[in-house]
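First the structure, in the form of structure tokens, and then the observations on it.
Labels run A, B, C and D following the written order; every chain starts at residue 1.
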Amino acid sequence: MKLSRSFASSLAAAAVALFMSSAHDAEAAKLEGRSVKIGCLASVTGKGAEWGQTAKISMEIAVEEINAKGGIGGVPVELICYDTQTLEAEALKAVSRLVERDRVLAISGPCFSGEFETIAPQLDGQLKTVINSYCSAKPGLSAMSRWAFRNTLTSDKQLKPVVDAWLKEYKIKKVVIIYDAEDAVSKGEGAGVLPALFKAHGVEVLESLTYRTKDTDYSAQVTKAKSLGAEGIGLGACYQNAAAIAKEMQKQGLNVPVVGGACAGAPGFIEIAGKAAEGAYMSTAAFLDDPRPEVQAYVKKIVAKNNGKQPPYGGPRAYDIIYSYKHCFEASGVTNKPADLASDREKIRGCLAGLKKFPGVAGEITMDENRDGAGSSAILKVVNGKYVNMAK
Amino acid sequence: MFDGLLDGYTRSLLIFAGIHMIAAYSFYLPYKTGQVSLGQAGFMAIGAYASAILTQKFGIPFAAALIVGGIAAGIIGIAIGFPALRIKGIYLLLLTLGFSEIVSVVALSWEYVGGAQGFRQISFNPFTLEYVIVIIAVLLFFFARLERSSLGRAMDSIHQDETAAEVMGIDVVRIKLLAFGLGAGIAGLAGALYAHHATFMDSTTFNIMLSVEILVFVVVGGGSTYWGPAFGAVVLNAIPEFLRALREWLELIPVAWTNFYPVNRVYDFLHGFLDFENAKRLIAYGVILILMMIFRPDGLLTRDSLRRLRLPRWKSRHA
Amino acid sequence: MLYQQLINGLMLGASYALIAIGYTLIFGVLKLLYFAHGEVFMIGAFAGLYLVLYGGANIYVALLGAMIICALLGVIAVYVSVRPVAKDRPLAPLISTIGLTIILQNLAVYLLGGQQVAFPEAIKQELYHIGPITISSVQIFILGIAISLMVVLWFFIEHTKMGRAIRATAENHETAALLGVDVNRVVLVTFMIGSGIAGVAGVLDGIKNSGISPFMGLSAAVKGLIVMLLGGLGNVPGAMIAGLLLGLIEILSAAYIGTTERDFFSFAILILILLYRPTGLFGARTPEER
Amino acid sequence: MRDPAASHVCLSIEGLTKRFGGFYALNQLNMDVQQGHIHALIGPNGAGKTTFFNLLTGVLPADTGKIVFDGQIVDDARPSRRTLKGIARTFQNIRLFPHLTVMETVMIGEHCRAHPSVWKALGDAVLKRPFQESVAEREMQTNAIELLEYLGLAGKRDEKASDLPYGEQRKLELARALATKPRLLLLDEPAAGMNPRETSELDRIITRVRDRGITIILVEHDMKLVMGISDNVTVLNFGTKIAEGSPRQIQDDPVVIEAYLGEDVQL
């Protein structure tokens, strides 16, 4: 985070904006104070560095945009980020620092289910503040606390339409499932969601094979799938592993279609798997090839700041969280007075819980009764090295 | 008991630093006899899982579960330590590392403790800080006594020359086993405390890097004196906080000043330097480790520096 | 399926062997656990990637380039984390190489981002069917490079003056010095060779697995350590055979027993070897107990 | 044979053999050591003297053979057990604990007598009155000071062992060995590196130790010292005993003289 320098310039920008277009800003409630503080938890280092880095950059882009247009209620936004290092203990320390020391109004993050699950039970006690994860897809987590939100779709919600479409196109009767036994979300998909969906369609699951997240060699699994006569492969895998599996299939001449879950449908899947990705069906919580101008504007900015690479879905989801917070800060009567901190946080919580069809780059945000994201997800198919949304 | 005094953040900070400190002592005790373990995270995992099973599945109170967790880790420690007696140095390092990996594979494939979904919703213990303080006090007392006891001296002699110690009638086998088992038990306590504070853990929570971190606490703090592990854990936990504090002080500089030379240059430099919320922080950490090993390979605190500092180290009667 | 799985095991084993060779060479002459070897492997993979992507190099040039870059990195490692550190304290060099590990990994994260990067398709993919097995041009290439590198290295160690000096140093520093071997130079050369091979292994791994990331080092390092012990500390041919062996064991256990338990087997083997045959399956060059 | 009435065998060795690869370091050695004697063991370099000590103390396992100490077979006992039974030694290349003080070093020797059980030692370390030394610890200190005074090292009790001059390090090793209250003391070249004044002092010390009733096996190259104080001498060559007898007998033995030919030793 760039604090005071950008802070100073944004103050100046805010002043100019106020001066020029006071009529426009007059509608939104005026907030008090020097800045509106939003906390952010991102795993910038450690094994989840990719997700944390892209999410952090995305949130910074959103904050810059908001501040360039005069901030929230006339006050610039200050984003306070802490690195969780993909460690639960660090996430726990950071969240109480954000709530108690930095006194933020709301928190965006953390990304990972483990971090989320460690923090959530603490929120009902001392730390009554909203957290809102932009990538955790393990079902059932938000139920742990009324303060716990997730602006993302759980894996079961994402997969159903994708598997339906996949089976409709390829008419497969026998599949092998390969999933990550170490990753909670992938295992949930591979051991629970996918078998149930296949069963519902009368598809036979020949075998479920597993691997561990840090494995790089999938030859044994692919050979086995081939020898069993799989007509299709269901993946409970993140995109890196999914891409490596697709590549290995190509290498061994197992040319059957692939379907993958929440974590697999990132841009990186096509990038790494190359031609081996063709024809695969994936689900995702954010479709970056969406032609909508706001999506493309965001993609352009993040690619420029992220070594020329598109982010996984956590990035756009995190970007949307900042805007949904802006909406709630303005719509729910938040004052931003130090004395009102507790009631402000409660107001934000209420607003967020009732969020319906809020427009974002990752799709419309609707919070269901468990404070998880709801709504439709894209059905991605890889056609000529690009994702195409088959839902439309 | 500190509710009025400390905010939750400080509590959290102290708790994790305290757990690190206990873990550092779990490494220090076998190290005192010359045994270097890279598996302390594995023993923490055993304590954590054993105690969490007791509190969550059987409703046993935390205090009892804590003790059982420590004992369970200690027993496994002795079971590992016994065959490990024959090997030392890099072999022992790798053996303990392999053990710790096996623990994590077991945690991953054992559905009873959650498997890949992790061990969820462990009951929260509101008095973790108090437990941590008591355990550290007991440990410090124990090590202070050990330091000037015959047993402590025997451990030092084993560390310095195992054969000579054995020939002098020191029961090397039992003492090494005792140190390894007790060390594992202490690690088990640390793990149990962690589990009931974080309330969630999975097979990756207690990983190799945690074992490495524990080793680093002791080596950086100083492995030749019992103050070293505590000092190392405190210093390495405090540095990031200190840097954050420095950055907050930097914000006290009026915004207007930062637009003028040379304040802006200094400000930008310090700001960039202290912006440690990214990989730079870990790079700096690595550089510090190397520099430490070049210029102060015995750690920050050594027996000599303690003697100079005159920290409480009771004078012997004969001296 | 069995034959195909044997091929898979051979492929996996070849990459394990290449990492372990570097480990065993370095351990042999230095008698210390050099933690940063996995990160050198990772840097090698990235060096190869950038040479192909931006340097427009063909794959052989990329392999050579990665080898040279990693050899230089080995030299830097010696001067930064080995030579200045006190040798009479066994933990000091361990910690300093851990420091180097942390630096290299996070430098990669800082400069390149934490994401996995696609490795360009440097070799045209073709499939050959021989009886029941399918083998691809990529696999033949990787196996060919790995085996020829091992043969060259074996020749170097056994039949050149430097190779003899390395063996003598691995046996005993003092004796080697008495025989007129410049021990410091031998250590340097050993690091260069070991690191260079790790660089090649990194590129081959990139080609094989299609993607590389800054976090690929640690697990490679751990597997390399297991193979080193299996083959016997300091025993280069032992490391080669043990690498292939571990690859086969892992693949076969994954194919016939269970893939989650695959790591369980590697570490169980590690522990059994440590306890019952600490000199490795094929005997260590340095039998002294440490 | 100062007191023939009290004389009995303290240590009895039968058929002791140790091989390293194809090389016999010790081959079928038979030997009896009389209680209260100074028994010297001499022979050229590589004759197997240090190996003999290593087998006696259990640092190395013997291939075959029997070691009977005070009527008990000690073959399978660990080194620390043998020390408890009463065998103590010094090392040819001094092996002190470099970071311990002189006082602490001697107390290491006392440890096995004060705390034969690890659990008792742990209890003594932790459970005794806090912030006070235990009774055992105080006794150990008193004994250590006594022993240091006996050997003339009392003035250096708080110095680090590694800081002592060479001759005093040898004396400290002796003190550490004596602290284990041995009945059989194995001295491995105690005079190596000592100047003549120190050697003659050593001569007196060894005699005084013997006079306390401690049996001594002495490996030494300084023949003046050996011939001056030994009651009995055994000569080893290539792991085999080639002669045994009183110093006078040995000095005149042609086999011994031949074995030593080429070695610059004044018999």
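The rule is short, and it goes like this: contacts are C-beta pairs under 8 Å (C-beta built on N, C-alpha and C of every residue); 3 or more make two chains touch, one makes a residue touch a chain.
From a predicted model like this one, the values you see are computed outputs, not experimental measurements.
Undergrad: Please give the intersection of the contact partners of chain B with those of chain C.
TA: A
Undergrad: Going only through chains that touch each other, what is the minimum step count from chain A to chain D?
TA: 2
Undergrad: Taking each chain's centre as the mean of its C-alpha atoms, which one lies nearest the mean of all protein C-alpha atoms here?
TA: Central chain: B.
Undergrad: Using each chain's Cα centroid, which is most distant from the centroid of chain C?
TA: That would be chain D.
Undergrad: Calculate how many whole Å lie between the centre of chain A and the centre of chain C, each centre taken as the average of the chain's C-alpha atoms.
TA: Taking the average C-alpha coordinate of chain A and of chain C, the gap between them is 37 Å.
Undergrad: Taking the mean of the C-alpha atoms as each chain's centre, how many Å separate chain B from chain D?
TA: Inter-chain centre distance comes to 42 Å.
Undergrad: I'd like to verify one number: the distance from the centre of chain C to the centre of chain D, where each centre is the average of its C-alpha atoms, in whole angstrom.
TA: Chain C and chain D have C-alpha centres separated by 49 Å.
Undergrad: At least two other chains touched by the same residue of chain B: list those residues.
TA: As it turns out, chain B has residues touching two or more other chains at 108-109, 278-279, 282.
Undergrad: Can you list every residue of chain A that touches 2 or more other chains, as numbers and ranges?
TA: 45, 49, 53, 181-182, 212
Undergrad: So what shape is it, when you link every pair of chains that touch: line, ring, star, complete or other?
TA: Contact map by chain: other.
Undergrad: Among the chains present, which pairs are found to touch?
TA: Touching chain pairs, listed by label, come out as A-B, A-C, B-C, B-D.
Undergrad: Within the complex, which stretch of chain A touches chain B?
TA: Residue list for chain A touching chain B: 1, 3-5, 7-8, 11, 44-45, 49, 53, 81-83, 88-89, 92-93, 96-97, 99-101, 113-114, 117-118, 121-122, 126-127, 138, 144, 180-184, 187-188, 212.
Undergrad: Could you please specify the touching residues of chain A with respect to chain C in the complex?
TA: 45, 47-50, 52-54, 181-182, 209-212, 214-217, 219-221, 223-224, 226-227, 240, 243-244, 247, 250-253, 268, 271-274, 306-307, 309
Undergrad: Given the complex with chain A, which residues does chain C contribute to the contact?
TA: Per the stated touch rule, the residues are 1, 4-5, 8, 11-12, 106, 109, 112-119, 121, 125, 127, 134, 136, 138-139, 205, 208-211, 213-216, 218-219, 250-252, 254-255, 258-260, 262-263.
Undergrad: Could you please specify the touching residues of chain B with respect to chain D in the complex?
TA: Of all residues in chain B, those touching chain D are 141-142, 145-146, 148-154, 156-157, 160-161, 163-175, 178, 224, 303, 314, 316-319.
Undergrad: Hey, which residues of chain C end up touching chain B in the complex?
TA: Residues of chain C touching chain B: 27, 31-33, 80-81, 84-86, 89-96, 98-103, 105-107, 109-110, 218, 222, 225-226, 229, 260-261, 263-264, 267-268, 270-271, 274-275, 278, 289-290.
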